[in-house]
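Contents: one structure, followed by commentary.
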Amino acid sequence: MTPQSPVLLVVIPLIFAFLTLPFGWWRKGLCYPITLVALSLSFLASLHTLHTVITTGTIHYWLGNWEPPWGIEYVVDHLNAFVLVIVSFVSLVVAIYSKRSVEQELPEKIVFFYCVFLLQVAGLLGIVVTGDMFNLYVFLEIASLAGYALIAIGEDGAPFASFNYLIFGTIGACFYLLGVGYLYVSTGSLNMADLFQILPDLYQSKVVLVAFAFFMVGVGLKMALFPLHVWLPDAYTYAPSTVSALLAPLMTKVGAYVMIRIMFTVFKPQFCIELIPVTTILGWMAAGAILFGAVMALAQTDLKRMLAYILVSEVGYIALGVGLANRAGLTGAILHILNDSFMMLALFLVVGAIMYRSGKREISQLRYLHRRMPFTMAAFVIAALSVIGIPPTCGFFSKWYLILGAIDASQWAFVAVLLVSSLLNVILFFRVIEHAYLEPDEEHAGGGSELAITIEEAPLSMLVPILIATAGIMVFGVLSGKIISTVIQFAVPKCF
Amino acid sequence: MIAAFDLVLLLFVLICAIAAISVKDLLSAVIILGAYSFFMCLLWAEMGAVDVAFTEASVSAGIGTVLFIAAVSKTKRRSKD
Amino acid sequence: MFDFILSKYNYWIYIILMMIGFYAMIGKKNLVKKIIGINIFQTAIILFFVSTAAKRGGTLPIVEHAHGHGIHHIHAASYVNPLPHVLMLTAIVVMVSTLGVALAIVIAIYRRYNTLEEDEILEQRK
Amino acid sequence: METIESIRPLLAVLVTLIGALLIVFTGERHRNLREFWTILVSVLKFVIVISMVPFVLEGRVLEYTIITLTQGVSLQFRVDQFGLFFGVLASALWIATSIYSIGYVRGLNEHAQTRYFFNFALCLSATMGIAFAGNLLTLFIFYEILTVSTYPLVAHKETEDAIMGGRKYLAYTLIAGVVILFAIIFIYTLTGTLDFKPGGFLLGRGQSTTLIFLFALLILGFGVKAALMPMHEWLPTAMVAPTPVSALLHAVAVVKAGVFGCLRIILYVFGPELLHNLDLWLILAYFAAFTVIVSGMYALAQDNLKRRLAFSTINNLAIIVMGAALLTPGAITGSIFHMGSHGFMKITLFFVAGAIYVKTHKENISELDGLGRQMPLTMGAFTIGAMGVAGTPPICGFISKWYLAMGCLEAKQVIFLLVLLISALMDVAYFFPIIYNSFFKIPKEAINPHLDEAPAMMVVPLVITAVISLILGIFPNAFFHFFNLASTAAAKILGGM
């Protein structure tokens, strides 16, 4: 008997999304608990899925009991089970956080917000769980459409930023769809496992090559891989804080997941490495992303915008790991999907909390913040250290594997990029930390006089998620070896 | 599939597409887009995809045009390009 | 050569349509025009899918007298492939949803900037 | 070599970590309770560390593995003689420093005291981790924690200078961290292991050019904290920190961690045999000797007392590295022992500088005339420390320098003996005027002729450290078997040869 959890974890948020409408119409306050229930159930289902995968191996779930390759199949192996748990957990944490922030920023749109929020999560989970190329497109569009809508309800610049995102996102999705079409024309199948079997005979075919190119461009647009990232900074800067906290950790990571899935389990690694030098190109693009993101982030004065550029650079790390195309590199990439989700989660949650309390997010306006919001700022520091890559936070360990992979592959340029980016991140974050912590005012230099600044910590429903995310950063750092030996080493495609 | 009919329809589709993006009046552009969708679904019906044609006719040419007209009427009709 | 081009005419048209849509999405300044571009782009892809399914002399994929008249010989070759059609039904729905969201965003933009021209909006945001 | 599973090293690290948390949550409102935590934790830690001494002296190794970090490398503590030596040194001096700190911050009514004590505790936790780390990765993890947790201490005053000092410190140490990380990963790809082994584990792995390259990277990386000469610039700048921090930075935690790292690299990663094969030892020794001479000359030129002490520190650290690079039993024993003796002597000197600052707000050497009459205890301690650093018997500095000199002869490198002697002369040259002026010179302006010492919380620690450095000079094995630890460590390293 196959467990039902793979399908449940998508269906639950989907059903609850529509439940929020009537219940929200009746009582606005009900939306929040409904969302929490849905996401908790979904999280439990994903945990169960991961557990089943670890104990019994890959799950094949036939939707409506239609046998693949005719029916849609949900295949959950170690890789997607891992990403599923991340997605469902991060969205649960963001949902807990959302209450106060949404009440403040979007008081009239609460019902709408939670409905679309759940749709978004359902879409993201669906992308990860499915084993069918076209089904993936549908979920990709569900997630993206929800994303456009969520971003558009943000502050002043949001609709326009969201519109730009929509244009680029649609191009990406259309390219992906074209890729599916070309692949279907040449193979007659849409099932990933099936394609994996059929495709090797057709690697010389131009149609397959074109399909692959379309996939890479489409997914690259969705995951905001440099130079296809142009929509990202605006969109994530102007989105409501909760939305950026949901999309920044997840949307790009799910995109990265799709890339890994297509490159290595739909196509064979040999195809991407030997037949056409995709991985090399990807590696260079990623190196560009890392440096470009960091340098652009240096030029920003707005904290949230700076984080958005850092996200561009973080996506580069994952892509670099994939581009290295060896075991250590991929381990690093997959580990970074986890680590970066939590780092970005923590950072964007912190920015949201700061904006909730003070309405400010210019870096120069952060003075005295460590006295007003000591816990929030402590969380920020830990997340920052993790992005920089200071052990024992989790960011260090993904860097460890990435550098290991780069040395294994003798790609010295990439090693240099990884190392230099660490230093750039130091400048980036210590600029903020200096502003928030140090007070070079005369009355403080050596004197004991304390300004009358009272603690105005973020409300508990925001602080707890922040602390959870921060704890995650520390715990995953220490446990990284364990995570790799139980999950990730099986998630890395077999042939490495 | 009748090649001549096919070609004529494709030609219409092409003309409508070009017209839709070059007309300066947005309402006209939207109406032309409706026509484009309609020709498109004729083409599909002729190619054997009757179900797609029906959906296109009702959803895209129908609802889509309505949505467009609603949006245009709430905003501006004139466009600079 | 000419035969080759002619025999694949709907693929050529689909590529031309796609380019028209793409141009409108990127090149046009008016936001509604951009959305029209999206629409054309997506229908072009649907045209491509439908064309892959179509066959000369193929008929609708409905098996006649399937019930009660014994076993018929079903010549798969004489039907058009129904699977792309099914996929495209979903794609059309996705297309219209995108359209809806995009138009809603455009209305929100109009409320804020009182214009639909991209250059004027960028001018105002400075 | 017998290995015992023991949780003690972990406890030694954790106790300060918990202490740090207690300090934060107690906060500014209950100052006495907060300070009580500091003292309690420092004493507890010392007890835990000392309790490991008997096992280690018997030649056993205490080991505790927390978790596997990556294939073949664990987050692992392994306490051997060398590590324990450093651990004992740091934990013993922390008690003195924390008592002194309390006197200092209260005497000056410093701001942000909670942050100060929190970071102090964090630093010590990291130092302990460095001391007991069983492999390079564990060492590196704690090394980086140390870097980051020291930053707020350097920038503590929050003046423009302090912030610049903090930035400079971060820039130097984090760049070094990146270099080290690269080298560590490279070594990992070569060998698949990172566990320290007396006598080194790299022998026979990789090409010699690669190894030379790696050695250079690692020494450059760890050399930043050890303030070897072209990379020393951050140390004098970091003197803007409060004096107990300088004491901690320059006598115990940070710079010693750098030296400790260098020695681990030289003796436990590369090992004497490999260094001999690659002819790297002589280059390193010359490199260090250069620092010894140049830093001594810099020290002579300083008028600010703390800056002069900083250059003296650079000088002594280079001597330690030079000794280790000579790779003879005497030199290694001497250099390890010098880590300890220099720690006690230099912390005394910094304590004195702080006491003078708290009492008189004087920072420059030219202003110290006649101070000996006002603060005889303080200046007496300074005399002991300064003479010790110069290598006068019967203070502990003499013993380490004696062994270092023996080591130079064993290695048949008389030039380094000369370097040692010159540096001793320079020590005398830059310390003696201070001592002479403070006791015998008649001050230009009237000075308080009465006894007027700094608060007891400050004077007691500095007297104690001075006395200990005296006792260690007479009985090198007193208290914690320092000398035995150093000499057995040296024997074990060379036993691998």
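We just call them A, B, C and D in the order they show up, numbering each chain from 1.
We take it that contacts are C-beta pairs under 8 Å (C-beta built on N, C-alpha and C of every residue); 3 or more make two chains touch, one makes a residue touch a chain.
The structure displayed is predicted, hence computed values, not measured ones.
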{"item": "Chain pair showing more contacts of the two, A-D and A-C", "value": "A-D"}
{"item": "Centre-of-Cα separation between chain B and chain A, whole angstrom", "value": "37"}
{"item": "Rounded Å distance, chain A centre to chain D centre (Cα mean)", "value": "43"}
{"item": "Centroid spacing, where centroids are CA-atom means, of chain A and chain C in whole angstrom", "value": "30"}
{"item": "Approximate Å spacing (C-alpha centroids) for the pair chain B, chain D", "value": "79"}
{"item": "Of all residues in chain C, the ones touching two or more other chains", "value": "84, 104, 106"}
{"item": "Pairwise touch network: line, ring, star, complete, or other", "value": "line"}
{"item": "Interchain contacts, given as pairs of chains that touch", "value": "A-C, A-D, B-C"}
{"item": "In the complex, chain D residues that touch chain A", "value": "66-70, 74-75, 108-111, 140-141, 144-145, 147-148, 152, 155, 157-160, 162-163, 166-167, 170-171, 174-175, 177-179, 181-182, 185-186, 188-189"}
{"item": "Touching residues on chain A, where the partner in the complex is chain C", "value": "134, 137-138, 141, 145, 148-149, 152, 156-157, 159-160, 162-163, 166-167, 170-171, 173-174, 177-178, 181, 184-185"}
{"item": "Chain C residues within the chain A interface of the complex", "value": "22, 25-26, 31, 34, 38, 41-42, 45, 48-49, 52, 83-84, 87, 90-91, 94, 97-98, 101-102, 104-106, 108-109, 112-113, 121, 125"}
{"item": "Complex contact set, residues of chain C against chain B", "value": "9-10, 13, 16-17, 20-21, 23-24, 28-30, 32-33, 35-37, 39-40, 43, 46-47, 50-51, 53-61, 80, 84-86, 88-89, 92-93, 95-96, 99-100, 103-104, 106-107, 110, 115-117"}
{"item": "Partner chain C, residues of chain B touching it in the complex", "value": "1, 6-7, 10, 13-14, 17-18, 20-21, 26, 29-30, 33, 36-37, 40, 43-44, 47-52, 55-56, 59-60, 63-64, 67-68, 70-72, 74-76, 79-81"}
